Every structure is written in structure tokens, then in C-alpha cells.
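I'd like to ask some things about the structure below.
Here the chain labels run A, B and C in written order, and each chain numbers its own residues starting at 1.
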Amino acid sequence: MTWLKNVWYQAGWSDELEGGKSFTRRLLNEPILFFRGESGDVAALLDRCPHRFVPLSAGAIEGDKVTCPYHGLAFGTKGNCVVNPHGPITSSMSVRSFPAVERHGAIWIWMGDADAADPAKVPDLSYIDAVPDTAMFRMYIPTPTNYQLLIDNIMDLSHADYVHATSLGGMMTDAKVRSREEDGKIVIDWTADACVPAPAFAPMVPLDQRADVWIEVTWQAPGVMVLVNSVVPVGQPRNPNVQALHNMVPETETSTHYFMCATRSFAMDSEDITAAMKASAEQAFLREDKPMLQEQFRGMDGKDFWELKPVLLPVDAAAVRVRRKLDMLIAAERD
Amino acid sequence: MTWLKNVWYQAGWSDELEGGKSFTRRLLNEPILFFRGESGDVAALLDRCPHRFVPLSAGAIEGDKVTCPYHGLAFGTKGNCVVNPHGPITSSMSVRSFPAVERHGAIWIWMGDADAADPAKVPDLSYIDAVPDTAMFRMYIPTPTNYQLLIDNIMDLSHADYVHATSLGGMMTDAKVRSREEDGKIVIDWTADACVPAPAFAPMVPLDQRADVWIEVTWQAPGVMVLVNSVVPVGQPRNPNVQALHNMVPETETSTHYFMCATRSFAMDSEDITAAMKASAEQAFLREDKPMLQEQFRGMDGKDFWELKPVLLPVDAAAVRVRRKLDMLIAAERD
Amino acid sequence: MTWLKNVWYQAGWSDELEGGKSFTRRLLNEPILFFRGESGDVAALLDRCPHRFVPLSAGAIEGDKVTCPYHGLAFGTKGNCVVNPHGPITSSMSVRSFPAVERHGAIWIWMGDADAADPAKVPDLSYIDAVPDTAMFRMYIPTPTNYQLLIDNIMDLSHADYVHATSLGGMMTDAKVRSREEDGKIVIDWTADACVPAPAFAPMVPLDQRADVWIEVTWQAPGVMVLVNSVVPVGQPRNPNVQALHNMVPETETSTHYFMCATRSFAMDSEDITAAMKASAEQAFLREDKPMLQEQFRGMDGKDFWELKPVLLPVDAAAVRVRRKLDMLIAAERD
């Protein structure tokens, strides 16, 4: 399998490195060690000593260096050897390092050609920066299935009426749906006028009232999706009151790092509303989507998605566009 | 590996669908969902929604339809889509269904060409229908080994003297053995005159008397074996007082559904004798054969049976005939 | 993968067969049953009945024969069939047997061409025979990694300063190191004059004194390494006061039987010193080396050692020589 390489992948949330913490995460099937150097910048090193291959994360991280516990070689934040107790240091004694930046409260890594790693290409999630911490919450949901199946899930929200019948669903099956491509992004939007709002939308519209719901989902490669939700009482003008990132990052062929971050533009200092919205999200994404995606993975029985000849429904239009676009981008990169 | 396809395989016992129950069983490495429709007929559907591949068994079965829990598509007993909440129903929206019938208290499925699925080809086990429930018992023993090794085990009963020394054995090693082919079936019979009967035969002959024992085993493709036992006091005429099905159905390359059903022609309403015979069978097949077959599987170490160059003994004659016959049938089907 | 075949491999310690015990051990990925026949000689049989492949170790061993529990065939210490309840015995009814000898308190097996199995080729470990039992201890450490990585570990003792910092280490990084080839063996020696001796060396030199330490490690194919340690107060003549075998025997591609035996030439009847030295060894090899080697195995992520392009340090010189020598020997055997 091939993944898109020359693109920024989210590796985690910035707070995972708080207080001198470090972590190792497998991304595109490579184990990567993340830690902050003395400057505060994030270092991302292949988690494998180049000498005898012990994971560097088994050693000690102090300041700008990580020391391999097997023979004492130490490496700096750019992967260069900085301590060799057994002789001179040469340039070949380095561990692969990856460009890494922080944006929008997240850590991003570039796994392709380092020279092409332009921080300006990090997906623009400035909507996250625009709200205070009290008006957002983040989640990380490791999920044992291929990342494209998780993208499909978000690009086709019709599933909400079945998988999330009592939390987020009830409005999608009868919604008007349109999808389009725009600047290399795939956009799908769902319009459900005068519908019974889902229970999770209680913070936006009283549950005994009808609502006008509009949800626009924008995908960009490889697995970054932003949902803009407008949930307002019937007849009121659209108001993008909730925006949410759903970012699917391949760990391996068959497992995915699912990063989620939701912000809102109302009651921005209410801890209660944050707690209620987070509880809804956990119910939906952790306790409803994740088990369903695991069932799907089991049902696929190790077979390839297209080989199984999936029935295509109109609601799959955007998801299929994303798959084709991703295939094209990967093919282009390979050539 | 290839299995024989155009043949009826036993999928279960009819009572597994009692009271509206359903079950999923993997057969020839395909997961199949079994349930009864409103007519009472057995439906057998590939347990995988054709849209996004979630197992249908994760959804709800009501009357003649099963509903996928992911997007709400529903399918009838013949696999046709009967509900599509997202648009029109087309003929491509079907899940594979398999011919299934009930005979002799068992559920049978045809995994090959559906047009060739003639119920008249279900193995004739009418001996089961001829006795009341009080004169029989059934077992299901899932066994982690290849089904052909389980066939070998029944076609060579000499193992009983070693594996079942204190339950069913003691008479086979010195028995007269003959095997033959008859109408495409392989038959082997064992004659042990004036022998000390095995403890399990106490219901037929007092344990302090000698017995004339005659056991005929008839195999038909793919793994259906019927044992007719005559166990009588010395000098009395043959009397087929116990008949037993041993049916080996491939779950995967390395696991087998072992179905067993024994009937008797004496003391047909004795619950005590049924209980005693069932206890003997559990001891022999579950607690003696199954562990030995697992040891054998471990001993084969993932290697092919013939590549290991098995020593062939005279008692293996029928088992080897079965293997060659099965190979021929599979080869013929492939051409 | 190919292993060297025409060579003696250690299969265990003699005391593993004490009191009529037997054991099965996988060597070069073949399961072998070891037991003593009536003569006291070690029998080594493939642990797989040639008839229907049940492991013979599941049966009974009595005197010179082992009986398969499935059909009652029995085999002698040379693998010949000695009992066939089902007909005549022919020469084809034998199980593979392997030449096996006992030397130096260990059991040795020859997995290659039996005609070439000359007991004189067993590695000379007569230093073990030269000391009483009170002056030695043995260990067996099954380790889930490739045996060549375990050889690397012993051929490069510089790791001791990092992995065994508080037990065996502290002297190697600054030691003088020389390696050479001698009669087909690879030898590396480490000289650390006037060093602070490792805590484990307390039996040889008081911990508040400086010591002259000299360690010579001699490898011979396939994975037999003998360490001769001289640890003496500064200025005293060399005295090889501790000798230790570290023998790495492939179980599979990814697991190793690690046999260790240490002897000393002082305080030869002190149980306390034996206990102290064994405790040090357990700390170092079982609780420090083994976890580090498992980390290394994890870090290699299923990849080949050379494909990972290891950085080579001067301290690796002997380990690399061993790898190249072993490759040559294996290639020569294949031709």
C-alpha cells in the first residue's frame, strides 16, 4: 500500500508534550518519537537507534538530546549524533528526523521529501485559534480500521440516522445533499429544513422546537475534514455555530489515529455546555461509530474495498470522490 | 485450497433456529447468516452488507428482513434489497443468498452454483427421521483442525483402541477390516467376533459377556459419514442397533464444524440410556478425539499432509480412498 | 532463512534428563524429543509420528521406546519402528532420529548429514569439566529474538556500561579492544587497567580497590562463545579466574535458546559465592539483557538487519566478523 507522503499529517495534540512529556506514535507504519527540545520546538525522530535499532524512546530524553540505552549513543533534535562514547562522531551516525511544526493546538509531521516541507501547507484550521479553550474540546480515538473507511464515514453523514439514532441522528436521510470539488477539496453539504433536531443539538435549539440544520463537510488530503454546522430555529439565518475537525491519520494499513476538535461560537465560556457537547461526541464517535467501524472491518474479512464491489448510493458521492482524488494524488506522487 | 462447492453442506441443527433465533457460521471460509423467514423456511445470506460491508448479523432481523445497522438498508430472505432509505432500489443492491433446506433435523446449504441445488441431493439420513427424539442425541463440536483429518479419524477406527481405550476401544486392532467403493461412496467395515465389548456398549451387551461387534462406516462427499453398529451377544444375528452421523464441515482451512447425531433401535424411550450414550460420546469425541486431533494439528506444524509423506498402514486404506476420491471430485468441479 | 546444519548445537543441559525426564525443544524450527534410552545414551527423535503426525511426546516413553498415543505405533531410540499393532513392521515406518551426544554437562545434537556427525567436533568446553559443581552454575534463558542479535550482544561488551551499569558495567567503553581470527574462531579481548571494578566482580577484587580487568571472548560457529575473565588487583599478573559459556542456539528465526554456564577457579567450594555470582548473572542476562534485546527486536519491526543499514562502530568489529564468517559457512554448506 502507498500513502500520500508529501503532506502534513497530524501526529497529536500539543498538550501531549506538556510538562516535558514525550510520546511515540506510529504514523504511515513508521514509529516516531516526539519530544520538545530546549527551544520548545517539536522534535520528531524515527524511534530506532541507527546503530543496533533499539527504540530511542526506551532511553532518556534530556534537553535537546535522547540517549540510546543500549550503547549510550545520543542524538539531537535534528537526528544528528551528539554523543558517541565509542569513538568519533561522523555524519553517517544520524537517525532520521522529520520536519514537525505546531499549528492550531496540534503537532504536524511531514513524512515525505523534507525539502518540500513548507509550514504554509499545514491545513488552515484557524477557526480553532479563534475561540478560547473554554469553547472547544479535543479527542483522540485510536481506531483499528483503515483510515479511508473512517473518511467514508464522515463524508457520508446519512449513517448518523442509524448509528447515532439517539444522539446526533434523525435529520440526514431526508436532507438535501450536494457535493462539489473546490480548489482540490471535496465539499458536501446537507440541508434539513424544519427538522426535529438531534438531541445533541439541544445547546443550539430547544428540543421541543423545529430547526433549520445545515452541515457542510470539507475534505482535504489526506484525511482532514472540517464540519461547519449551522443549527438554528426555523426561519432564522444560517449561523455556523459549531465547527469540528475530524482528522484521520494512518497508523498502519489497518489502524487509524482519529483526531477530533470541536469549537463553538456561542456560550463560549460555559463549562457545562462544553461538558455536554463532549459527552455527546464521546457517545457518538467512541461508543457508536468506533464499534460500527470495527464491525465493518470484521465484515470486510481482510479483503480490499473495491474488490468487494460496494453498492454505491447517491449519498456516497462525496466519499467516492474523495477516494478517487486520493488515489490520483498518490499516483501522481509516485510518478 | 479448494473445497467441493456443488454439494450440500450441513450448516447446523434445526433447533439452532428455534424460537426466532438466528446464527452466523463461517462455512468454506464465508460468513453466513441463518434465520427463519415468516414462512418458516431457512434464509442463508452472506453476512456482509453489499453497501459498506458491515455484518448483517449486527443488525435487526424482523419477519422476512434483516436491516443493516450502518445505513438502514434491509434485505429479504432471498438477499434482495427491500428497504433503501436513501433512494430507489435496484437489482444490484442485493446480498448473496444461498440455497438452504432442512432435512433430518439439520440445516443444509449449497455454496456452489445455485441452479444445481437440488434438495434431492441432500444426503439421505432418513434413519434419523425414523426414531423418536427420545432415542437420539445430537452434538456440535467445533474443532481447530482441517476437516480431512477429522474424516481420516472416523474412517480409521483402529485409533479407538488407543485414544478411547477406556470408553469405545479395545476391539478394533484385531478386527477383520474390509473396504470398498459403492455408488461413489467409500465403505469400510470392522468385524470383531467374540470380543470384550467396549464399556460404552454396556446398553447393548452386558459388560461381563463377550459380544459380536460389526461396524460399517459409509462416507459420502464431502465429509458425511454414517456408522452402523451391530453389537450383540456372541452368536446372535447382526442387529444394527446404533446408527450415528459424523459430519465434518469445513469452517476454514484449519477449523471444522463437527456435527454428530446418534440414534438407537432399542429402549427407544429410555432417558437414562440416552444420557449414558451421550456421556460416552462426549467423553470420546470431545475429551479424547478433539485433544488428540489438536495435538496432530500442532504436530503437522502448518505443513501439508502429503508433503509430510505419511506412512500408510492397511487400516488407512479407506481413509486414503476418501482423500483420493475427494481430490478427484474437486478437480472435476474445477474443470 | 538458512542455518548452519553440519555442526553440533547444544540442545539442553544434561540435568534436564535427570530421573527419567524427557523434553521437547524446537531447534532450527524442528521439534525434537529428547530422552534417555536404557543404555543411558540420549535419543533425539523428530517429535512427529511418521504415520499421522501426532507429537510422540504426547505418548509414553518406557525404556528404549516411545509409543504414539493415536494408533499405538512405537519407536526405538534410533527412530526405528518397534511396535506396529496393525501389521508388519517395514523400514519405511521410522521417525527421523538425530545424532546426539553429551559433553561438558550439555546435550548436543547434529541436525545436518548424520554421516558427518563426529563427536570430536563438539566444541571443547573442558574448562567446565575441570571444576567441581560447587564452582559453577548454569542458566537457560529462552529469548524471543534472532540468535545473531544475541551473538552481537556478547561480541560487543561495550553495552555492559549502559545496560548493566550497576552490575557488570563501567569498564568497557574505555577499555583497549582488539579482535582477530584464529583457527576459524573470532576472538575479541578487552583490557581495562586500573579501573573501578564492576559490582559483580566483588568476589575477585574488593570494591574499594582498583582492578586490572581483561576479558577475552572467543566465538566459534554457530553461536558458541566462551568468555575468559581475569579480574585482579592492580599490578597483579593475569589470572583467568572466571570462564563462562554463552551459547546461542536458534529455536526459530525469531527465538533463541540461550545457554549459559560460568565456572571459577577460586573459592571453589563456596556456596555463597556461587549464589552471589548467579544472582549477578540473573540480574544482567535475564533482567537487563533480555528486555533490551526484546526492545531491539521490536525496534527492528520485522526488518532485516543489513537492510536497516546499521551504523558500524569500532566496537562492532568482532560482531561483524562473526556475521560475515557465519554467512560464509552457511553459503559454503549450501553449495
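Assume contacts are C-beta pairs under 8 Å (C-beta built on N, C-alpha and C of every residue); 3 or more make two chains touch, one makes a residue touch a chain.
Just so we're clear, the structure is a prediction, and the values are computed from it rather than from any experiment.
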More than half overlap in residue numbers between the two sides of the chain A-chain C interface, or less? Answer same or different. different
Size of the rotation, in steps of 5 degrees, that lays the CA trace of chain B over chain C: 120
Centre-of-Cα separation between chain C and chain A, whole angstrom: 49
By the touch definition above, chain A meets two or more other chains at residues none
Chain C to chain A touching residues, read off their complex: 152, 156, 158-159, 161-163, 173, 292, 295-296, 298-301, 308-311, 313-315
Over in the complex, which chain B residues touch chain A? Could you list them? 31, 47-55, 58, 68-72, 84-87, 92-93
